[in-house]
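Letters A, B, C and D mark the chains as written, and numbering starts fresh at 1 in each.
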Amino acid sequence: MTKEIIKGIYTPNVVPFHDDHRINEGELRRYVSWLIDKGVTGLYPNGSTGEFIRLSFEERLRVVEIIADETKGRVPILAGAAEPNIAMVLEACKRYADLGCRAVSVTGPYYFKVSQQSIEHYFRELAAKSPIDLVLYNIPQFSNEISLEVVKRLASDCPRIVGIKDSSRDMPRFMDTLNEVKPLRPDFSCLIGTEEILLPVLMMGADGGTIATSGVAPEAVMKLYNSFLKGDLAEAKRIQFKLLELIKTMFAAGNFPEGFREGVNLRGFNTGRGPQPMSPHEMEHFNAISTKLACLLTECGFQEAAKSCQAAKPDVAAMLARINKRVP
Amino acid sequence: MTKEIIKGIYTPNVVPFHDDHRINEGELRRYVSWLIDKGVTGLYPNGSTGEFIRLSFEERLRVVEIIADETKGRVPILAGAAEPNIAMVLEACKRYADLGCRAVSVTGPYYFKVSQQSIEHYFRELAAKSPIDLVLYNIPQFSNEISLEVVKRLASDCPRIVGIKDSSRDMPRFMDTLNEVKPLRPDFSCLIGTEEILLPVLMMGADGGTIATSGVAPEAVMKLYNSFLKGDLAEAKRIQFKLLELIKTMFAAGNFPEGFREGVNLRGFNTGRGPQPMSPHEMEHFNAISTKLACLLTECGFQEAAKSCQAAKPDVAAMLARINKRVP
Amino acid sequence: MTKEIIKGIYTPNVVPFHDDHRINEGELRRYVSWLIDKGVTGLYPNGSTGEFIRLSFEERLRVVEIIADETKGRVPILAGAAEPNIAMVLEACKRYADLGCRAVSVTGPYYFKVSQQSIEHYFRELAAKSPIDLVLYNIPQFSNEISLEVVKRLASDCPRIVGIKDSSRDMPRFMDTLNEVKPLRPDFSCLIGTEEILLPVLMMGADGGTIATSGVAPEAVMKLYNSFLKGDLAEAKRIQFKLLELIKTMFAAGNFPEGFREGVNLRGFNTGRGPQPMSPHEMEHFNAISTKLACLLTECGFQEAAKSCQAAKPDVAAMLARINKRVP
Amino acid sequence: MTKEIIKGIYTPNVVPFHDDHRINEGELRRYVSWLIDKGVTGLYPNGSTGEFIRLSFEERLRVVEIIADETKGRVPILAGAAEPNIAMVLEACKRYADLGCRAVSVTGPYYFKVSQQSIEHYFRELAAKSPIDLVLYNIPQFSNEISLEVVKRLASDCPRIVGIKDSSRDMPRFMDTLNEVKPLRPDFSCLIGTEEILLPVLMMGADGGTIATSGVAPEAVMKLYNSFLKGDLAEAKRIQFKLLELIKTMFAAGNFPEGFREGVNLRGFNTGRGPQPMSPHEMEHFNAISTKLACLLTECGFQEAAKSCQAAKPDVAAMLARINKRVP
């Protein structure tokens, strides 16, 4: 009994918080259901957008538990399981398997620099012991790179490892991945995590992507994807370019993933602020970006954002009060 | 009287040398004519592949002189003019204008780190004084990056600057370039210098590229480009993927651009070796790669390479003797 | 009632593990008491050498609990508290204050890139809420750099922040730190975390260091420090140079801090292996380095290491069996 | 007949220019004689401070010719010869040998990334053919690093290579260099190029340094050096710290080495501006820094700078006019 290749658009969710720093379970449920209603292929909790690194182990488990419970099997879940050591990764794997997730994704080790040999050995150990399919998560900006040579050997030898999510922003490498891994293992899923090049990689043979923008504008990203599937490249291209400014604006908000969280906010969810505070001066910039973002979203036809677009002068004092209250 | 936008495939030539380190003018002429016969859109001397940095000023001028003389206007020439200071860049510009080149390309300053403001000021000065069109050459691996913000301001303000050749390997940035520069200046040429992603950027709207592989396999690269122009994306895609291994092998030879030079060698030209010697141990690796390269080229149907593919055991001693003689 | 400036040599301990991955409390206690007996100034648990990032939150708390209990106030403890978010850092601070630690050290946020403004804001929040003194831990190799400008502002404004431990390996920066922070706040402790330059920075005015090598050869490091205090620079210099090869060998073992852990092993403690496994091929290299390390330690007069030095042919199979059993 | 080890303080000169971009020979001569009068050990033309990379080959040769002629053997000359290829390096070596220079210094190849094996091979070739002693110039910020392993092999095998000038800012590496190269070759000169750590490395055994600040405040740097030689570490330390702000200010001027050139200006020489222009906005910042620099120099007792310190409001318009005229 073989499982299907992982394909399509998986949405990395931001985590909504209460002002007292607890996960806002109600909003997380409402948000996840909204994403499913909008047609995203699957969900991707505990990725970088989900700030796994800033949550406790228990909070990470809880996020997946809530999402699995809310999803009730309507869409597949790819759950981030980049825990600090092998034992904890495997503990998370077991939990996510029990919750019915489709697979887990695991970054290369972070903080310390680790050799490619150690990284390969690390994933082989995980593959040998995991009760659930694994997706390699390559994000060399933040954690140790998983080299293409290692990916090829793991894809050849480890049936448990079923794909790679590549957020390296390195399209030449992704081209090589398609060219060198697919012939070894046609069912190895090649997913992109770099939104700016979603359409180019789809056109070259990618299986899909984990696209943070699909958490803010799921309608647009799914329209891009579905246009691509139908062969309407002109329409897909038009949307891809239109998304670029949105993406850039959310990155420009500073303190990733706050811009993406704000995008979700502007779509009508009460996300609160993330665990990493910004300085008052950064908040001024953030608020200006938020207004710009609201206007971009309004232009895209998302009427929820319209009132924030009109509010040309955001109440900085009130927002600062809100942010300051948020800090523990 | 306005000039047409620069588009198509420009071929960066390697420079053939005699054993005594002088430029091999005869082979350079023969090589250039062969490239033109194979249908490349234009020529691109004194880029990184042409090792401008390892030649003297006089040699750089001479390379363009030879190529212009041999070309006799059959194809346009985009000449690298990344000289050490503004006065010398302008001297080169004047010479290349007199030789009838279409434009010159200039990198950001190299060696020292220079601010984006200084880089912008540098190009504004060049644009104000140059008698020939300028193309920005972005290659942050080797010289100071030219940021997209600077590119946008220069494109808006300086008619003399007519395009960018981007070798940064950064496709998200190239997407942003297309999205943000083209609306400001539709005739601003966006050329890619990263061979692995030629087709993806063409599909997204690039005007062409400076593609080192087109100096080794011009038939294949031009077929890719022409297939793209005819709308045969399947064929273009097939070729793009086929080229990946060739590109990777030439990079794997070490000591860029020696692998590309060897490719030209295997196509039947006597290129000699470049100015930067390799160690004997590296030469062994190089020779193994050369054999692999010969076999790849033979597979592509380039029969000149066949005999080097059959030579499974290259005569290392002879080649070392040759390389050692080459070093001054 | 003001506390004294933190000075002297603080020893970052490796954490000994049982084969089943649990912390080996008995050996940790025995090791810590041995370090105190050898005369180290203080202890520094949960630093990079203590692999805080690879432990669970509970294990990190437990490590400090064990050490505080074993130390019984004989030496001060500087406890690493680089937790994933402000709430967890403060929770750790409270625990370590209750345990009688002298101060905690906190790195800049890791994984994500964070702006200097956010980092400053982060430490201001911590300083405002922490019940225990804070030491900034600058280690830009692994976590976001804390810029000197931020250090200066924090030192000026936050009495709770009492020092910096700098592991950046950047001596020019450390010189600037001494020159610019000390005049603002003479009691601000400037500690080095780069063993290779301990004596140079002491000579220039550093207050001490957190020196991983003092966990392996505390006699030598303390002799260096005490020679420096007595004004015997020649002897201090001799020891500093002698330590360089030892340090380099421990780094050369790969997979930091395994070389340092092995050094502790060779001094007679059963440290087990760390949470990050090495490949079998890396283990071969590791074993060769271990033998070299044993010989270096024997040369230094540490007789416990002598038998491992004589063992010219380490039993790789046995060691691999051991390491493999260790992996969960 | 063996030559003495290179030791002491070598001063890298900035190059004064006329407004029309030609080298100002008169000021260069006057400046060099002033430096010799102030007691610097030797001169170091065509280093990074001398902007070798921004001059033509002929200008580089001319700079050394002028300096050698002016020096007339009063002090030794270490001449930068980092030319684009081996043939040109050797041509420069021959010229500098004929001019009576003590040695030449050569960086690793720049622009392209080159392997350590190729770099080693490159220096072996140079050592075999050069008619003058060679000093390795390690400055990985701008050119390929020369690894310590390569330095050790070259020091062991090549009598022509007599030292290393290390500007990497990496003090741990410099410690290792002293520890590992000196025993192999006691007469191998270990010179620092990082001004901020001159005294620390002298105390640890360095032979001297190439110190750009000694081109601006030769009195202070030579007093530091001579205090060190006399064993007056307290005085040497006092000066080293005093120099830090001066150094930082000159770096802060932007567009290295413009701050150092301005320092020479303020000492009473007409240096003009360098080949790399700054933007008008950067010039405003530069002028503010220049005033600060003047005041620092005045504080040091250099009365020539006093009038520029008093000029609290520099005439930006006039200076911009000057800078703009300067650009070719």
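We adopt the following convention: contacts are C-beta pairs under 8 Å (C-beta built on N, C-alpha and C of every residue); 3 or more make two chains touch, one makes a residue touch a chain.
Small disclaimer: the values here were computed from a predicted structure and weren't measured.
**Q** By the touch criterion stated at the start, how many steps lie between chain A and chain D on the shortest route?
**A** Counted as steps through touching chains, the separation is 2.
**Q** Give me the fewest steps it takes to get from chain B to chain D if each step has to go to a chain it touches.
**A** 1
**Q** Measuring between Cα centroids, which chain is at the maximum distance from chain C?
**A** When every chain centre is compared against chain C, the largest gap points to B.
**Q** Return the distance between the CA-based centres of chain A and chain C, expressed in whole Å.
**A** Measuring from centre to centre gives 35 Å for this pair.
**Q** Could you please state the distance in Å, as a whole number, between where the Cα atoms of chain B are centred and where those of chain C are centred?
**A** That gives a centre separation of 49 Å.
**Q** Among the residues of chain A, which are close enough to touch at least two other chains?
**A** Residue numbers touching two or more other chains: none in chain A.
**Q** Which of the chains are touching one another, listed as pairs?
**A** The set of touching chain pairs is A-B, A-C, B-D, C-D.
**Q** Enumerate the contact residues on chain B facing chain A in the complex.
**A** These residues of chain B touch chain A: 169-172, 175-176, 178-179, 194, 196-197, 199-201, 203-205, 233, 237, 240-241, 244-245, 248.
**Q** What part of chain C is in contact with chain A in the complex they form?
**A** 21, 48, 53-57, 84-88, 90, 109-115, 117-118, 120-122, 125, 129, 141-143, 254-256, 275-282, 327-328
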